[in-house]
Amino acid sequence: MAELTHLDDEGNAHMVDVGNKPEMRRSAIAGGRIRMSPQAMTAIREGNAPKGDVLGTARLAGIMAAKKTAELIPLCHPLAIEAVEIDFTFGESFVEARCTATLTGKTGVEMEAMTGTCVALLTIYDMAKALDKGMVVEEVRLLQKFGGKSGTWRSSR
Amino acid sequence: MAELTHLDDEGNAHMVDVGNKPEMRRSAIAGGRIRMSPQAMTAIREGNAPKGDVLGTARLAGIMAAKKTAELIPLCHPLAIEAVEIDFTFGESFVEARCTATLTGKTGVEMEAMTGTCVALLTIYDMAKALDKGMVVEEVRLLQKFGGKSGTWRSSR
Amino acid sequence: MAELTHLDDEGNAHMVDVGNKPEMRRSAIAGGRIRMSPQAMTAIREGNAPKGDVLGTARLAGIMAAKKTAELIPLCHPLAIEAVEIDFTFGESFVEARCTATLTGKTGVEMEAMTGTCVALLTIYDMAKALDKGMVVEEVRLLQKFGGKSGTWRSSR
Amino acid sequence: MAELTHLDDEGNAHMVDVGNKPEMRRSAIAGGRIRMSPQAMTAIREGNAPKGDVLGTARLAGIMAAKKTAELIPLCHPLAIEAVEIDFTFGESFVEARCTATLTGKTGVEMEAMTGTCVALLTIYDMAKALDKGMVVEEVRLLQKFGGKSGTWRSSR
Amino acid sequence: MAELTHLDDEGNAHMVDVGNKPEMRRSAIAGGRIRMSPQAMTAIREGNAPKGDVLGTARLAGIMAAKKTAELIPLCHPLAIEAVEIDFTFGESFVEARCTATLTGKTGVEMEAMTGTCVALLTIYDMAKALDKGMVVEEVRLLQKFGGKSGTWRSSR
Amino acid sequence: MAELTHLDDEGNAHMVDVGNKPEMRRSAIAGGRIRMSPQAMTAIREGNAPKGDVLGTARLAGIMAAKKTAELIPLCHPLAIEAVEIDFTFGESFVEARCTATLTGKTGVEMEAMTGTCVALLTIYDMAKALDKGMVVEEVRLLQKFGGKSGTWRSSR
């Protein structure tokens, strides 16, 4: 059980002590997508036309959720993120979101990037669910991670 | 653009008026999973052995996030959920989460069930990321929906 | 001191009991504006051009803040708002925001409309403050109020 | 559009990277006022008499809101404020609030001071709205700003 | 294990379904106290003299915390409280807090009253801890409970 | 009144300026207990048997509340806690909770440890209140404090 850092020797959850880790510039990029029907795709694209707020809403939702990560994920440390960006690209039958979070601090920002990605995708679900309840959030994963003890990590995919 | 209920006639985001919808008993079930390496699977299973808090932590994170849905998803209505449950099952290379949310109210609880599912899965990611940064959140979708004007809906999958 | 409903007979703050008030459809419209330099006005207008997110960001900030009113204003009752809308219009040297909040409940939504207005304007300040630190939030007031014991009220202005 | 720092090259909102800015002692003072009827003024003054909690409530609301700024203003960085103070003065037909926020950090605290001011004024509105629905929040502006790259700034007013 | 309503048949935490419970007027009174040194007692009493904000601050903290109960206590239902009051009395070596919460709803407000009491007492600790770090929060208990299936309950103490 | 650091010279609440305090490693341990009937004790022990989530739920609630301290206690500074742990021990007629919080920062973490303890105990109350409404939260106190200007402090008890 010692392998799971968030459990102590007795298997109890705790917030790991990061006090001795160095303050370093760290960043993480996560990505994911929401697959949907052609009808929903069309509406989202149109809703994103000039003056439409679909992806703008999802972007802000993701940025604000990244700031809330320590409130949502019980054992995450509160972090003062220094930058968050969320970009979207359209696939044939999906919208892809990518969230980059950056900080100078003692622990990594993977969870902030993952949380920003998920909430951005959930917001797209919310906005188009009247058209397609069957949309699927998928392929949410860490893509890259920079800084910190373990250095750079890239998804093998 | 009129198809997207969260945008008004000019394409601006707004919180749709649900004042005229009837108060009804409504519920929604969402599910999703997190795929991981055999090593992470083993650690999670062991971490879930007696006294280990892995899935217990993810479950509470999901329940609490379901209650926070209207804070996370910008155009969701604040809802007084009456019940939330999250169950996990182990697949060969993934953990599956299922979240059921219930309410007597004017609008559905799909987003609560989707959000509870995502945050439960993200919490598992957080707890096992030291072992496997490449875990993937996938197949997050609405499974069933009861109550409300549109009645029962089931995922075709 | 009895005149201030939020203070009890001894002058102590309390959350007034609204249990005996009838559930009614109620709404409120508040408005306000932010006055700024011509340079900032130009940037905001351009930032609001196709694909620019200035007013979209302010709108969402206001909508989400309206949902948080009871967290911000100490003696406000938590309310399940049923609709929120924020619109902007451009004046010569200011942007005007108008927030409408609606609910079926036991108490009015003036504070939700006022809070949504203020936070939308503060967000515009945030987005343009690099250009003009001297912008002024002004004329934030309740414009109309419908429903409830006191019926319709309109600002004399 | 490049002028608006919160929009990237494509006009999308993002949280600006402050990672390379120096940690410095920074502070900001904002002020604003709420104009009201003589009757409301009298009640507020009396409610602020010994044991009355009117301005004390508004002061705490403002202090707590200053701490919540990054939750309210979508693109604000989470900051660990080191000090917040709110003072009130009575004018003939208005109450004036002044909020000072201070921090050692990488970005300024203007938004914290502005937010603290607005929420303090909104709380006064809430407490006296039974007497005067027509109160107006006005003249909310940054008064001074110390520290940071741009040094000291003072409102020309 | 079936005795603990917050655990399901397998011992997993869940948010109990209250959908079938009747909407009723319910209230709860909780109380507790903080014991302290004579020096701290004197300072608190003086700090509560005209214009001093000690107990006023604790009162608001308790009221606002009562509204946040469902965010703090993982399996509590979100409730739209209709009234909260907190009163303090001075004992010889302690301050006693009493919190009353009221609601028309499907489940009781005991946790709101308990949480409001605790956070009010913790706030007093915070304000006087420079004088006496050894203060003790004690005797926090439910005093009375009205409404609901089980009717009136009074502490035997 | 000058003795109460959270009040300024005029007796108004403010958030004390900690800008000039040194960044130091600081930690605090608080403890407290909840006294209950034998029947409730038995249920909690059984609910904590393999797969039961009673104390696991209370532990997470306490950890998450420690992270929320600055939101709950009005004049507390927002702190980026680096570690939180909560342990429970069973007495004959009570469960005892102990919360340790740690940070490298400019101000102590007593309030985080006290808040984590209280919310953990309140969560136990919530989970067992169907069996025993008369449970009492008691003996909540600071046990030890390390680091900071005043060095180590230990409860005399």
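By written order: A, B, C, D, E and F. Residues from 1 in each chain.
Assume a contact is a pair of C-beta atoms (placed from the backbone, for glycine too) under 8 Å apart; a residue touches a chain by one contact, two chains touch by 3 or more.
Bear in mind that the values here come from a model prediction, so they are computed numbers and not experimental data.
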Legend entry - Where subunit C and subunit E overlap in contact partners, by chain label: B, D
Inset, instruction - If every step must land on a chain the current one touches, say how few steps get you from subunit C to subunit F. - result: 2
Inset, instruction - Since subunit A and subunit D are copies that touch, just let me know if over half of their interface numbering is common to both, same, or not, different. - result: different
Inset, instruction - Name the pair in C-D, A-D or B-F that forms the same interface as C-E; by residue number, over half of the contact pairs must coincide. - result: A-D
Inset, instruction - Identify the chain pair with more contacting C-beta pairs: D-E or A-F. - result: A-F
Inset, instruction - Mind checking the centre-to-centre distance between subunit B and subunit D? Centres are C-alpha means, answer in whole Å. - result: 36
Inset, instruction - Averaging only over C-alpha atoms, locate the centres of subunit A and subunit C and give their separation in whole Å. - result: 30
Legend entry - Interface hub residues of subunit F, defined as touching at least two other chains: 12-13, 50-51, 53, 56-57, 59-61, 64, 68, 71, 74-75, 79-80
Inset, instruction - Make each chain a node and each touching pair an edge, then name the shape: line, ring, star, complete, other. - result: other
Legend entry - Pairwise chain contacts under the document criterion: A-B, A-C, A-D, A-F, B-C, B-E, B-F, C-D, C-E, D-E, D-F, E-F
Inset, instruction - Please give the residue numbers of subunit F that touch subunit D in the complex, ascending. - result: 8, 12-19, 70-71, 74-75, 77-80, 105-106
Legend entry - In the complex with subunit B, residue positions of subunit C that touch it: 25, 56, 59-60, 63-64, 67-68, 79-87, 102-104
Legend entry - In the complex with subunit F, residue positions of subunit B that touch it: 50-51, 53, 56-57, 59-61, 64
Inset, instruction - Flag every residue of subunit D that touches subunit C in the complex, lowest number first. - result: 1, 3-7, 10-13, 32, 43-44, 46-47, 49-54, 56-57, 60-61, 64-65, 68, 71-76, 110-111, 114-115, 118-119, 122-123, 125-131, 133-142, 145, 153, 155-157
